[in-house]
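The structure is given below, and queries will be raised subsequently.
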Amino acid sequence: MTDFAGLTSVLGSTLGAWYDFRDLNNLQRLITEWIADWGPDWLASIIAGVLGTLGILGVIGPTLLILIWVERKVIARFQQRYGPNRVGPKGLLQPVADAVKLILKEQLAPRAADKLIFFLPPVLIFVPGVLIWGVLPFGPRMSVADLNVGVLFLLAVSGTTVLVIFMAGWSSNNKYALFGAMRAVAMSISYEVPMVLALLTLVVFSGTMSINGIVEWQQQEDVIFILLFPLSAIAFFFAASAELNRTPADISEAESEIVAGYHTEYSGMRFGLFYAVELGNTLVVSAFIATFFLGGWWLWGLDQWVPSWIILLAKTGAVYFLLIWTRGTLPRLRVDQLMSFCWKALVPATLLFVVVAFVERTLLISEGWDTTVALPIMAVFNIALTLGAIMLFARVSRPAALRRPARIRMAGTEIGGLRAARQVASRTEEPQFQVGGD
Amino acid sequence: MIIGLEHYLVLGALLFCIGFFIALSKKNAIGVLIGVELMLNAVNLTLIAFSRFGSAEVALSTQVFVVFIIAVAAAEVAVGLALALVVYRNRQTISVDRTTLLKG
Amino acid sequence: MSDFGFHLAFWSLAAMTLGGASMIMISRNLIHAVIWLVMSMLGVAGLYLTLSADFIAVVQVLIYVGAISVLMLFAIMLTPRAERDNSQNMKTGGPAALVVILVMISTLWVAIDTDWGAVREAALTEQARLIGESLIKHYILPFEIGAVLLTAALVGAIALARQDDEDAAVHASSLQAELEGDASVDPVDVVDPPIPSDGEAGS
Amino acid sequence: MTSSYDATAAMEIVNASAPGAACVDDGVLFLDPERLVEAVRTLRDAEASDLVFLSNLTAVDHELHFELVYHLQSLDHNHILQVKARVADREDPSLPSLTGVYHGAHLQEREVYDLFGIRFEGHPDLRRMFLWDGFPGYPLRKDFLQMPGQVRAGLPGFPHESEENAWPVPGSVPQRPMHPNDPQPEGELVVAEPDGESEESS
Amino acid sequence: MTMSDDTRLAMQGTIEALTSGDGSEPVVVNLGPQHPSTHGVFRLKVTLDGEIVQDAEMRIGYLHRSMEKLAEERTYTQNIPFTDRIDYLAAMSNNLAYCLAAEELLGVEVPPRANAIRVMFAELQRVASHAMANGTFINDCGAWHTPLFHMFRDRERVLDMFEMTCGARLTTNYMRIGGVAFDLPDELLPTLEQFLADMPENIANYEALLLENEILHARARGIGVISPEMAINSSLSGPVLRATGVPWDLRKANPYCGYEDYEFDVPVGEQGDCFDRFLVRMAEVKESLKILRQVVDTLPDGPWLADVPLHARPDPGESYARVESPRGELGFYLVSDGGPAPYRFHCRPPSLINLTALKEMSIGGTLADAIVTLGSIDIVVGEIDR
């Protein structure tokens, strides 16, 4: 019973008892230890792996179903609609109904498709989608694999998705799909660079490549990284949403241009798998943004009161909402614009912050500055630098066509052709309205 | 049977030979590049095996060596593919046997 | 080391690696060949993991699967369809096979026959940190040379692959001129010539 | 208010540069098809007429000849001029294309070609637009799908006006021409009685 | 040099020309007739080099119903429903243009109340049509339906008003030769008042969301540019023409239905690009609301339909009447031979003629630009094909 009282304790770490739901790892450890008592080692490790995977799938699966509903509801609110409200209470069962419908649909394959490569991608795309969850720390000791090269693992695994997308697009033998695939590949290669650089900032500053180490660093120094390196956070957010093919960077499945991009030819549940993985990736990227830049499972001591994984889920939800928000309000950028934004804006800016992080790290470690004083100063400096960099970029990189404001004039009594047009254009008074421009 | 160093060495040797054969026999320039990549991977595999089954200082230096090899391989692929593109643009083919630039 | 799981991992990864490599030899389509190459690379990455070299394994996935294979696919897509044929072999395939078999026999003989005196110490921990430290302490000169090489490769690849800019530049400048105009001149005054005359009717 | 440009003034402008290319008949300017392009370009470029905007281009089948109708508009002077040209050849009617003068004639001439079969010499891309290549006939010609017995497409008169215009009574053979591919009605043809003279008024 | 050498060199030159550049082959991509953003069954055959449009060719006719032929077999009154289906997003404007042409032929005087009602519904139709045009335009720029749905809300309210007036929402068949079919229902004016009261805030919302949106600027500005000279020469009309800076609006230039009595202004753009077209439409909605306010305030009493016989036989002659439809200059050219049905019935379709310059606008841009350009022209396939 004292153990039970400990559940609500504000002091201690987790108890290690199986019913302590603040750290679900306890339960797994209990089971594996029990197996290790009577069985061989390999059985225990396999069972541990299976349990971890099942745990992840058990979290992702239902969350995905709910998130589809959430996304549709939220987008519907943005668009002054009701959203799904027919199947189940408040339409909650709509994703299930959709899934059932997709499973029952006929699965077509184009005759000219490259059969083997066409069938593989919907399955293969699941592999990185699930693997990537393995290194996400849900709590101090709650990750399936706390690799000491976790950040690299994350980048490596997420980089393989593009290959699957290419396979899907190329094997469909469809021009839209091929366009989508090529766009996705080009985008993915480009945006991996700012993503790596943004994470390199954190790695350099915190001195660890373990993801849990980064969270613990934030906990130890009582600061979240978005305050220290806001530009890296912004760059990571944008690069991640580009890798996820979400608006404003959803060019690889831009419906108004190339129908559905690389999965144009996939029907039925094959499309459903792409869709599910895309949503799952969105969720995992939200979780990683929350982990890297918002402190992950830690929240200024609240993690002693509330199970850490609930804190992480709450932060993930906040980032996810931000992703839905951008999706609901922004138009899409063009391919060349996205590329030039990546190479001309994000890469230099994140590179700058890698250098900044290196200098500040040196100041903290070699010069031995007091972190309680130095960190706030650095945060203020970095935020100012970020604002400066954004403003500089906005001034310098604006295309010529956007420099001049777009003006609407009123013709008044001048009605006619070119002569009247010249007279209207030569008027000096303020135009009716004028938007944009420097 | 205990899986030891020899297993990895044999595996590396086989992989190297497959890569070698591909590099020698394929007409397509990109195919040749693939073969070269396989050979480099075989070498890396051997090195890492030595790193695992060697003494401590060997362990570290082989891994560093592998890092260098991977970096050089990346550079090689980039330049090689660019070359293949240029060759294609000038000669309308990337078959290595028909690319006889020096013969004129 | 000797347990069942390890055996399973080694043999399946070895099969994956060699199988993928062999499929490259026989696949007729270059894109298939690249996909088999990826499979082979993933197998090698898995083998690195069985050798407790997790840093190298992750780097392998990151660079080979994430970058090099995609680069190859890009290069293949930039060449026309006819050049995606991987089935043609050199006429010198026979002698090549002979050489390869000789190399294989000798390497296998060396690999099996030599007493390597393998020691099995505990695997390195914190490899990333160790490698990093040794890179910038002991191997600083090679490291810098490698950096220069990569930069040179980057610049060289761009210089090689850049297309002749003539028509692109003409297009860009005309587009630019069209877009920019001159802020001081009224847009209506910027007389475009495209009113068709009889000779070049329409377009 | 858009005024009508005086056809006589337009004729003078045209005839000044191309004598005899234009004539006025009943207040309508007719142009010589041979010199159409020249005449229209003169009308477009002359300061007084300034007919820079091709508002409308269409054709009318007058059985004996095709009449091409052009509505030319001056935006600055705000006047409109209706110009006509006649083509008599029914087998292979052709006319110079105005695409060299007005780019806007491009699609309208294609439409006329598609539906009337009038060829426009010098049109850069004269293909059928709405109907597929090889469609039999030109639908807007009055003799398209002409029935045996001189029954023509079109509404000859109101039912109440004469016996032969009357709506078919149930059981009788419908007199209105039908497409030969239409299925013949089986059994009794039920046709609603017309409303008669009832008029809506305020 | 022998002839065969010449030929060989020419062939070599052709091969080099075909394979120059980065060695990629031009790809022909069909946008439509079944495609998410072609606004109906419209097919654009685009030849692409990479992402750059080298050639754009439109294929139309998928919705061709030969209305001009059908109309020759129907009386003048029976033809009004056809005009609904020509431009099904602006049925009122099409009704109006046709009725004006028929009235000119028949010499009918329209009562003042009918004119005011016609103006009211033509302007309501413009609000609805521009809402649709701008919404789908933003969608073509890649927004995820949000502006579209907001603008659809306004359109719904307009369609509700159509429904309460004439029972139909889309194909209204409301105008008659000599006036309108029914008088306004009692509940219309309060609804319209409420609509006019709510719209300024809605428009302010759209402007806040869209006008300073940098991505929208980047996507739409400097894209699909056309010069005023070229626009006039290509017979473009409506917002596409006005966006180039040419202040040509038939409501001002050739006022019909008493437009000269209402105060409103003609917004014109400057650059002639897609964004200017969008802005002109946004501004035109405001002007339409201004007109609507005045119509409501000065709505005269009296008859709403002149005394025109249903079985009218106009004298032989011809008429050409034009209105400023939401898409541009919509004209009807009628020829009468004295019979009960028009001898020739021709519609000048602004959607079709505005497409004349589509090729010139999209060549040299990217595929995405071509889609945005097409969206900014605001076509209705029913009107293109008729």
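Before moving on, here are some points about what is shown:
In this document, chain identifiers A, B, C, D and E correspond to the written order of the chains, with residue numbering beginning at 1 in each.
The rule we apply is simple: contacts are C-beta pairs under 8 Å (C-beta built on N, C-alpha and C of every residue); 3 or more make two chains touch, one makes a residue touch a chain.
In this text the structure is predicted, and so the values were computed from the model without any measurement.
The minimal number of chain-to-chain contact steps leading from chain A to chain E is 1. Of the two chain pairs shown, B-C and A-C, the one joined by more C-beta contacts is B-C.
Note: the chain lying farthest from chain B is D, by mean C-alpha position.
Look at where the CA atoms of chain B average out and do the same for chain C: the two points lie 11 Å apart. Centres computed as Cα averages put chain D at a distance of 23 Å from chain E.
Note: centroid distance chain A to chain D, computed from Cα atoms, is 61 Å.
The residues of chain C that reach two or more other chains are 55, 59, 67, 71, 74, 78-79, 127, 161, 163, 179, 187-188, 195-196, 203, listed in rising order. Under the contact definition stated at the top, the residues of chain E that touch 2 or more other chains are 19, 22-23, 222, 228-230, 232-233, 244-246, 248, 253, 270-271. Contact of a single residue of chain B with at least two other chains is seen at positions 85, 88-89. On the side of chain E, the complex with chain D involves touching residues 60-61, 64, 66, 68-69, 72-75, 111, 176, 179, 181, 230, 232-236, 246, 248, 250, 253-255, 260, 302-311, 313, 318, 320, 322, 329, 331, 333, 335, 339-341, 343-344, 346, 348, 352-353, 355-357, 385. Touching chain E in their complex are the following residues of chain A: 75, 78-81, 175-176, 179, 247-248, 250-251, 254-259, 327-337, 399-402, 406-412, 414-418, 420-421, 424-425, 432-433, 435-436.
If you check the complex, the residues on chain A that touch chain D are 415-420. On the chain E side of its complex with chain A, the touching residues are 27, 29, 35-37, 51, 138-146, 148-150, 153, 209, 211-219, 221-222, 228-229, 232, 244-249, 252-253, 265-271, 273, 275-276, 279-280, 283, 366-369, 371, 375. The touching residues of chain D, counted against chain A in their complex, run 50, 52-53, 74-78.
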